[in-house]
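Next up, some structures in structure tokens.
Two complexes follow with chain A in common, the first pairing it with chain B and the second with chain C.
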Partner chain A sequence: MIFSLAWRNVARSWQRSLVTIAAVATGLSALIFLWGFNDGVHNTMMRNLQQVIVGSVQIHHADFFKKSSLSRHMKLTPELQNALSKAQNSGQVKALSWRLETFALAAGNDVSEGLLLLGMDAKSEAKTTRIAEKVDQGRFLQAGDGPVCVLGATAARNLGVNLGDDVIFLSQDRFGALAADKFKLIGIISSGEMGIDRGLAIIPLNVLQNMLEMQGRYTRVVLQIAPDNLEAVTTLLRASLNHKDYEVLRWYDMYPMMKQWVDLENAFYYIFLGVVLLIVAAGIMNTVLMSMLERVREFGVMMALGCSRSVLAGMVIVESMILGALGVLLGLLIGLSLVAWFHSVGIDLSAEMDTIARFYIDPVVYTEIDADHLWQTAGSVMAAAIVAAFVPMWRVAKLQPVEAIHHV
Partner chain B sequence: MFRIYMRLGLRNLLLYPMRTGLTVVGLAVGIAALTFLSAMNNGWLQNMKANFVLTQMGHVQVHAKGFEKSRRISDYMHATSEVDKALQNMPHIQAWTHRIRVSGLASAAGANASVLVSGIEPENEKKVSRLYGFVQQGEWLRKADKRGVLLGDVLAERLSVGLGDKVVLMAASPEGDIASEVFRVRGLIHSGVLDVDNLLALVPISMARDWLGLGLEGAATDVVIRADAFTSVDGIVKNLKQRLDTHDFEVLRWQEIDPMAEQWTMFADVYTWIVLLVVIIVVLAEVLNTMLMSMYDRVREFGLMAALGTGQGQLFAMVVCETLVLVAMGGVLGFVLGAAASLYFAEYGLNLSQYATAFSFMYMSPIVYPELTLNGCARILIAAMVGAVLAGIYPAWKASRLNPAAAMREV
Partner chain C sequence: MADDLDARNIVQKIQDLMRSNTSTARYTMQVQTPDWQRSIRFQSWDERIKKRFFIRVLSPRKEKDTAWLKSDKNLWMYLPKLERDIRIPASMMLSSWMGSDFTNDDLVKMDSVVADYNHRILSQDANSIRIESTAKPDAPVVWGKIIHAVDHNGIPLSDDYYDEHGMHIRHLAFSEVQTMDGRRIPTLWVMQPLNNVGKKTLLKLEEATFDKAIPEYIFTRANLRRASPH
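Up next is the complex of A and B:
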């Protein structure tokens, strides 16, 4: 009964109800759009970081990440094999690749430069990361390549070498002896990311293993995992690998700034969520309060006829809930359509800003929204609608029938 | 005439204190949040710019022509005396120093890592960059101690070396030969900036000259200049370009050396605009809501006014003015609140240390001091006022279109 009464009140002053619903819907859809933009930027950043070269999770010899040296390498032990196959059998690992790396001095035409010399397996790397797509001159490594290398664009420029030129890499092998070899430059990477373009040389894994006397030895296993499965796989790997011998690091354990940045910006969005909620709540309160004040005489009559205060109070709350729910539904509809539209079309900000390669930010933003952000927002708007009804409800509960009937 | 509309508007608003109050609160919260956000944004962007430039880079650098692009040590300045002469007595310059910059390889007891070697003048460097303040362990370089080296702390950890340990630095000389030299770690640097902590090795410039065979006294790759303020940078660059032969030298502003800070500022700007836009839309939807409701409420009143001879234009103006008064009330309150919060935190700082890594990556200190600027406030004010007029037009138009006879009959 309370519901049908409330519904009739909402429908009776439909113009006012419509205005309120529209205001709630505007607030919610605006918030959804903001989240869409925010999550779009953030998820692209995080995805790019993982997909270009870092991967989602890496396994190293313990302490390798902080103190990389060839002595902290891994072999394919039964323990590691077992852990990896467990992870792969869970179906949550998209792909993995093995890498070996060391620092080397590269010498080109008259100049030399300190670089990270990275051994990659062309076949498995192609499935794991998108580094091959970033080659813009020449080609990436292929299975069966001999002594060839791919350089970052800045490194190649600094060394003064072009495709087809020879580059000499000078390093130390596992026993500390000098190791030097000549490689033919077959590809140049322009990723826009300074670390990659300036400091990286990629050569075939087996060639590097031979050069460093590291046959069958690796420094990193790189796994590509969907964001939803990241934690589960990490836990599984950590459980099956002895932490004295291995470290299992998520991308944000290795590069915490991006994650922190995302958290910081999200914290800001929560503040704005609060602000918009307050505004929306004030709007709903306005409507419900006004419609209540208008009907003081009506309420008085109802009370005189034996309608209890709690029924009246309930009616006011339900009215507000109806307005809130309709507003939320409309807001979800509009907000999600906006997000979906800009997800396919993209928001082109290239007139206002450049690519910020260091953060993997593109000037065209494709909106997307995380489910938890969506439900939190919709839920809080709905909650605000209910909270907004407390003041009018409290006023109704205090009404005296006789005075109320005399109310003008 | 206008004053009458304003007074009417104000009176109508005061007639419903609850409704007006609620709307004003909503507006004020929105405007206050925007004001604070804009101040905060300015605060940390200023902070970032200053840190970005003063950590290492300087406001302006002079190199031999083409060095910035080639980064080849062979493109070095054989003598910086010409640059020094040009800088002498130039206004707005706080200090300058010389450096030799070369990338190379560091190795110590089995571990090696790539490094950016920077040969510096220990005394002058203190006046130009903040590197001196970042020494965390050990001590700053001494001129007499030719084999001293300061390492970034992450780099040192990677090499597993500490104070007093030996490190071999290898780099190419201008002729292309690989030159290596033994140094002893005298201190560790921690700045929070990746490029410094992970890569940097500081050695005395005189040693760098000998080691890399740059021989001559006065040879350097960079002249690094610290200006007295960001606003002086353009003037200094212009001045230098006049005094120096641009066939031999390049004069670069900080933005040209690394555009990252500039890009980030643009990005933050776009972000703030989008938030501003969305919040203003929400606030104005709220104002529209209030005005429409108050209009529906007063249909009879409007009908009566129209019957008494108030013209359509006058009714229209009255409602628009009412909206303006409403937004102005909320706006003023919001500005006061937002400005108060900004000024409070400008004094005491807003501690966001839990995000310290992100901040230091962005060259920012995690204690943010908001900075209220006229520009930021004007942007919000104009957006709110334009929006207010837009939000007022529809109710005003509806009110002016009422049929007096029908309106008066409305219950």
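Up next is the complex of A and C:
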């Protein structure tokens, strides 16, 4: 009975109800769209970091990440092989690659500079990361390459070398002996990320292994994993590898800055969400309170006819819930349509973006929304609609039948 | 902090003893780590007054004729395999020299030990004098403090290196005093890094001559490319 009464009240003054529903829907759809933009930017940033070079999870010799040295290397032991097979058989690992790295002195035309010398296997790296896409002059490594190298754009400029020039890399092999060789520059990377552009040289994995007397030895295994499977694979790998010999690190264990940044920005969004919720709640309260004040006389008559205060109060709450639910439904429809639309066409911000940000944020933002953000927002708006009915409900509950009937 | 003249003289005398105005020497360097050991023989030409030196590796075969030249504050390295010389940039100064526990900086900054530090006598007993050398403010040095121990004949016993936070980084011990070209000097230097106890570098002085004129051509980039006669 309460519901049908409430529904009739909502339907009776449909214009006012429509205004409330529209207010709720506008607030919610705006929030959904903003989350869509926010999540779109954040998820792209996190994807870029993982997909361009870092990977989702890396396996190293224990303590390698903090204190890297050639003595902290890995071989494909049965233990490691077993752990990787388990992870791959779970179907949650998209691809993996093996790398070897060391510090080296690079010498170009009369200039020399220290940088990170990274050995990559062209074939497996192509499946695992998108570093090859960041080459904007020349080409990336290919299977079967000999002594060739790919340099970051800033490093190449500092060394004064161009495509086709020789670059000398000087390092120490596994036994501390001098290891030096000449490499032809075949590609220049321009990623927008300073660490890559200024401090990185990439050469074929097998060439670096021979140069450093590190045949069959690696310093990193890089795995590409979908965000939803990240924790499961990490747990699985950690369970099957002795932590005294290996470390399994997620991208945000290695580079916590970005995750912290995302968390901070999300915190701002929650504050923003709170403000919008207040406005939505005030709008609903206004409508419900107005419609209640208009009907004071009506309530008095109902009470005189024996309708209890709790029924009346329930009716006011249910009215508000109906308005809230309709508003949320409409808001979801509009908000998700907006997110879906801009997910396909994108929002072009290239004019506002400098090159530094280019590595992490694409110039065209494609909106997307995380499920938890969506349900949190819709739920909060719905809750706000209900909370907004408390004041009118409290006023109704205090009405005296005689006074109410005489109310104009 | 005031510079103690006695202390400064002692540090100066160590330099005079070990390096004179000019010296040529042959060393065997042994690097010991838990994983590997290696041994390198090299010849050095040192002209302290003009702040230049030249080093050429004699063995092993893989590194033979690799050479270093310090001149005009630049450090050059020559790679015989690639027939190229490379200037070692300032950013690589703290890198290990030939896989040892000595750094490029040890080669380049040898002569600043007296000038860039304030010296004072820390303690004295029957066997030794300990001198604390603290880096002068703004001096272009990597160490915050060096503590030299020297015996009463002016023969160095050890050097302890501390970083600018006072952390003890490495210990260099001198031993096996012998007579070389008419002077008594320690012929075994052992460098022990304290953050890597399993590793150390032994530098054995095999032969040395002091205060003989060194031909000018030695300290040229052209000399880098010249193969050793050995």
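Structure notes:
Here is the rule we go by: the second predicted complex is superposed on the first by the 403 of 408 C-alpha atoms of A that agree within 3 Å, B and C clash if a C-alpha of one lies under 4 Å from a C-alpha of the other, contacts with A are read in each partner's own complex, and residues count from 1 in each chain.
Going forward, a contact is a pair of C-beta atoms (placed from the backbone, for glycine too) under 8 Å apart; a residue touches a chain by one contact, two chains touch by 3 or more.
If you're wondering where the values come from, they're calculated on a predicted model, not measured in any experiment.
Once chain A is used to superpose the two complexes, chain B occupies space that clashes with chain C. Of the two partner chains placed around the shared chain by superposition, neither chain B nor chain C is touched by A:Leu305. Of the two partners, chain B and chain C, it is B that touches more residues of chain A.
By the document's definition of touching, both partners, chain B and chain C, reach A:Ser71.
Residue contacts after overlaying the shared chain place A:Asp181 against chain C, while chain B stays out of touching range.
Of the two partner chains placed around the shared chain by superposition, chain C is the only one that A:Ile168 touches, whereas chain B remains out of contact. Applying the stated contact rule after C-alpha superposition, one finds that A:Ala371 touches neither chain B nor chain C. In the superposed model, A:Met1 makes contact with neither chain B nor chain C. In the superposition on chain A, contact is made by A:Ile361 with chain B only, not with chain C. Common to the chain B-facing and chain C-facing surfaces of chain A are residues 71, 103, 105, 107, 110-114, 170, 172, 176.
Those residues of chain A that touch chain B in the complex are listed here as 13, 15-16, 19-20, 22-23, 26-27, 30-31, 33-34, 37, 66-71, 102-105, 107, 110-116, 157-158, 160, 170-172, 176, 199, 256-258, 260-261, 263-264, 268, 271-272, 275-276, 278-280, 282-283, 285-287, 289-290, 349, 352-354, 356, 358, 361. Chain contact summary for the complex, chain B toward chain A: residues 18-19, 22-23, 25-27, 29-30, 33, 37, 69-74, 103-107, 110-115, 154, 157-158, 160, 170-172, 175-176, 178, 259-260, 263-264, 266-267, 269-270, 274-275, 278-279, 281-283, 285-286, 288-290, 292-293, 296-297, 352, 355-358, 360-362. Partner chain A is touched in their complex by these residues of chain C: 31, 33, 35-36, 38, 60, 62-63, 66, 77, 79, 81-82, 84, 86-89, 91-92, 95-96, 98-100.
Chain A meets chain C in the complex at residues 71, 103, 105, 107, 110-114, 168, 170, 172, 174-178, 180-182.
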